[in-house]
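In the two complexes that follow, subunit A is the common piece, with subunit B as its partner first and subunit C second.
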Partner chain A sequence: MSVHVSLSEATPVAAEGGDGGFIAPGPGSFELPPVFEVAGFGVTKPMLLLILSAVLILAFTIAASRNAQMVPGRLQFAGETVYGFVRNTLARDNIGSEHFMKFVPYLFSLFMFILVNNYYGIFPFLQFPTMSRIGFVIPLALMSWLIYVGAGMWKHGVFGYFKHATMPSGVGGPILILLVPLEFFSNILVRPVTLTLRLFGNMFAGHLLLILFATGGAALLTSGNALYAGVGILSFALGIGVSFLEMLVMFLQAYVFTLLSSMYIGEALADEH
Partner chain B sequence: MHSDEPPHGDPWLAFSYLVSGAAVYGLIGWGLDRWLGTSFLVAVGILFGVALAIYMTFGRFGGLASRQDKQS
Partner chain C sequence: MFTVVQAAEEAHNPLLPVVSEIVLALIVFAILFFAIRKYVVPSFEKTFAERTQAIEGGLSAAETKQAEADAKLAELEKQLADARHEAARIREEAREQGAQIVVEMREQAQAESSRIIEHGKTQIEAERQQAVTSLRAEVGALATTLAGRIVGESLDDEARQSRVVERFLADLESDGSTTTGSGVN
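For the complex of A and B:
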């Protein structure tokens, strides 16, 4: 005990600021303890946020479409803008005017769902992007995968779809034997994986950066060293900058996920090339 | 579809082809390595797969158009 005291007195610099007990955020920061338990099953914050997102989206769409007027009010206008964006820009332009309406309900729900769950990341008090837990992203990607493969099989038949999906366009000749496994791997196996990793990775990394700037800034500010405190203020300023960047990324990731889903559906439904 | 538009497609297609090329042919090369007791075939496989992927991306976006015209 006496050795420990004399050591900390002998090295005031290290004791003053050094590490100061600061623990850098890591993957462990995303493993939140259960908020409460139901029959031994821990319910965590992202689960509750997920349920909240469903309630929020339902409330928004019902409120925006109820009492629809010829001259839309503010809420109806907002709802119609989002719906029109998904229907025209994402669905119709990528799937084609013949079949796109069948997929609009799925794409619209998908877009709203990812958008709301992403924006939790910068919403005060909620502050956790649900999609930074990969377990919530995998089912979405699987759903998109089932829908585009299913749509292709509905249009071309099971074997017809596999032929459609594995024949690369624009090349011909004996090199096809080498290219067909590649095309199969790329179109059937890699797509759901990249869909998952893109959304998950962006949300995970963005949230990790925000935690780092916030907790690191706080640790530096409270370290008692004036120089460190200055860096702490810089850290907070960067955190605010990253928050604005995240606002963009959160929208973009919801957009890209929906865009790629509709492109895959459109490609599966396309006529033979 | 509108014929005057450039060939549209997934903008991540090239990435997905490259990953698939390296993975599929790298795996084949690795398997051959294990089978034959060599150690260089995995590198050959990855490079070969990536080369095929680049060729495929060219074809997909119309880079081999003259050849396509000859065939059709």
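For the complex of A and C:
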């Protein structure tokens, strides 16, 4: 545990040697050592955070929805606001009122899961956005991909779905030779990749930026040079500003991931382009 | 320890997923998804549906109440109009009745006055008759007395006396047959 703590704040420790000793945070800052091992598998902090997120989400949503009153209390109101937002704004508006309820449990779980795991990034003591580990993002993108492709095939049939997804209506002739592979590439192959990279990249970069401002500020402050110390204070101030920016990005990424998933499902279920 | 970890850092590309993380994410998310689908979504949906129903029920109840109130208001207005109509009718009737009563009273008074006048006239006539009758008798006596005084001893003669009286009475009778009051005059 002590090793892990020294690592997430690794650079100040290294920077204590002097100016030359500062090691800028990099991809290595995301490689946390196992906290403990279970049957040979190293259990890391992000893994624990991921499990904790499921516990937190279930505790919150079950507490908010159980014994629901006609006139909601604060907790119920908060739960209903989030649920209603995902249900109405994301699911129903994009998928259409006929089929959207089938996808609401998935989309709501997805939104809450990403949201909580993102906000770990600015939560004191936890301070690690789980989704900056690409291994946690890939399964979510794959599930969204399977669901929207599956929904399209359920609606149009296997061949019908490929036709629906790759042949824009109203286009015919030789242009299709160019268009079909492009549409197939963009609508079926690229989407899970962009879903993954968008979320992962934002969380990864945001966390890197926060570490840089924090550790850089600490290194400058402790450098012993008064001018450097002034810049160090500026660095901390910027770090606080970036934290607020990150709060927005963390919500937006959860929102965008869920929104795109619903849009893809809605598009796959649509009758015509 | 630190150098070991640093060596591991350089070896791993952040874009390459760790398999155990993928598996863990799938398991955790699956548990979360099924729990949410089973416990959370139905409760929220139930609350939403109940609320919608309550609002719709409240709206229809309010509509019923409004309709009832409208009906009651219309009824009351109708009653009020009826009452006004009734009052006007009664007032009109009273005015007519009053006028009638005045007319009747006037007629009655007139009849009474004419009756009183008639009665007065009859009484006067009766008294006059009575006076005429008593006067005739008195006049006869007086006339006889007076005639006796005037004629004096000349009427002592029986024959003459009876002739004069007879003639006088015949005159009187012929006078009385022509005009009732002529005997007096």
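Here is the rule we use: the second predicted complex is superposed on the first by the 248 of 273 C-alpha atoms of A that agree within 3 Å, B and C clash if a C-alpha of one lies under 4 Å from a C-alpha of the other, contacts with A are read in each partner's own complex, and residues count from 1 in each chain.
One rule holds for everything that comes next: contacts are C-beta pairs under 8 Å (C-beta built on N, C-alpha and C of every residue); 3 or more make two chains touch, one makes a residue touch a chain.
Computed from a predicted structure; not experimentally measured.
Peer 1: Of subunit B and subunit C, which one touches more residues of subunit A?
Peer 2: Between subunit B and subunit C, the winner on subunit A residue contacts is C.
Peer 1: Please indicate which partner A:46 is in contact with in the superposed arrangement: first for subunit B, second for subunit C, both, or neither.
Peer 2: The answer is second: A:46 touches subunit C but not subunit B.
Peer 1: So in the superposed three-chain picture, is A:168 touching just subunit B, just subunit C, both, or none of them (first/second/both/neither)?
Peer 2: So A:168 only meets subunit B here.
Peer 1: Does the superposition put A:241 against subunit B (first), subunit C (second), both, or neither?
Peer 2: Neither: A:241 stays clear of subunit B and subunit C.
Peer 1: In the superposed arrangement, which partner chain does A:68 touch: subunit B (first), subunit C (second), both, or neither?
Peer 2: Once the two structures are laid over each other on A, A:68 reaches subunit C alone.
Peer 1: Tell me which partner A:157 touches in the superposition: subunit B (first), subunit C (second), both or neither.
Peer 2: In the superposition, A:157 touches no partner, neither subunit B nor subunit C.
Peer 1: In the superposed arrangement, which partner chain does A:230 touch: subunit B (first), subunit C (second), both, or neither?
Peer 2: A:230: touches no partner chain.
Peer 1: Taking the two structures together, which residues of subunit A meet both subunit B and subunit C?
Peer 2: Dual-contact residues (subunit A): none.
Peer 1: Which of the residues in subunit A come into contact with subunit B in the complex?
Peer 2: 94, 96, 168-172, 175, 178-179, 181-183, 185-187, 189-191, 194, 260, 263-264, 267, 270
Peer 1: In their shared complex, at which residues does subunit B touch subunit A?
Peer 2: 1, 8-10, 12-13, 15-17, 19-21, 23-25, 49, 52-53, 55-56, 58-65, 67-68, 71
Peer 1: For subunit C, which residues are in contact with subunit A within the complex?
Peer 2: That would be residues 1-2, 5-6, 8-10, 12-22, 24-26, 28-29, 31-33, 35-37, 39-41, 43-48, 50-51, 54 of subunit C.
Peer 1: Taking the touch rule as given, give the residues of subunit A at its contact with subunit C in the complex, in rising order.
Peer 2: Residue positions touching the partner: 3, 6-7, 10, 26-28, 30-31, 33, 41, 46-47, 50-51, 53-54, 57-58, 61-62, 65-66, 68-70, 72, 76, 79-80, 83-84, 87, 101, 104-106, 108-109, 112-113, 133-136, 138-140, 143, 204.
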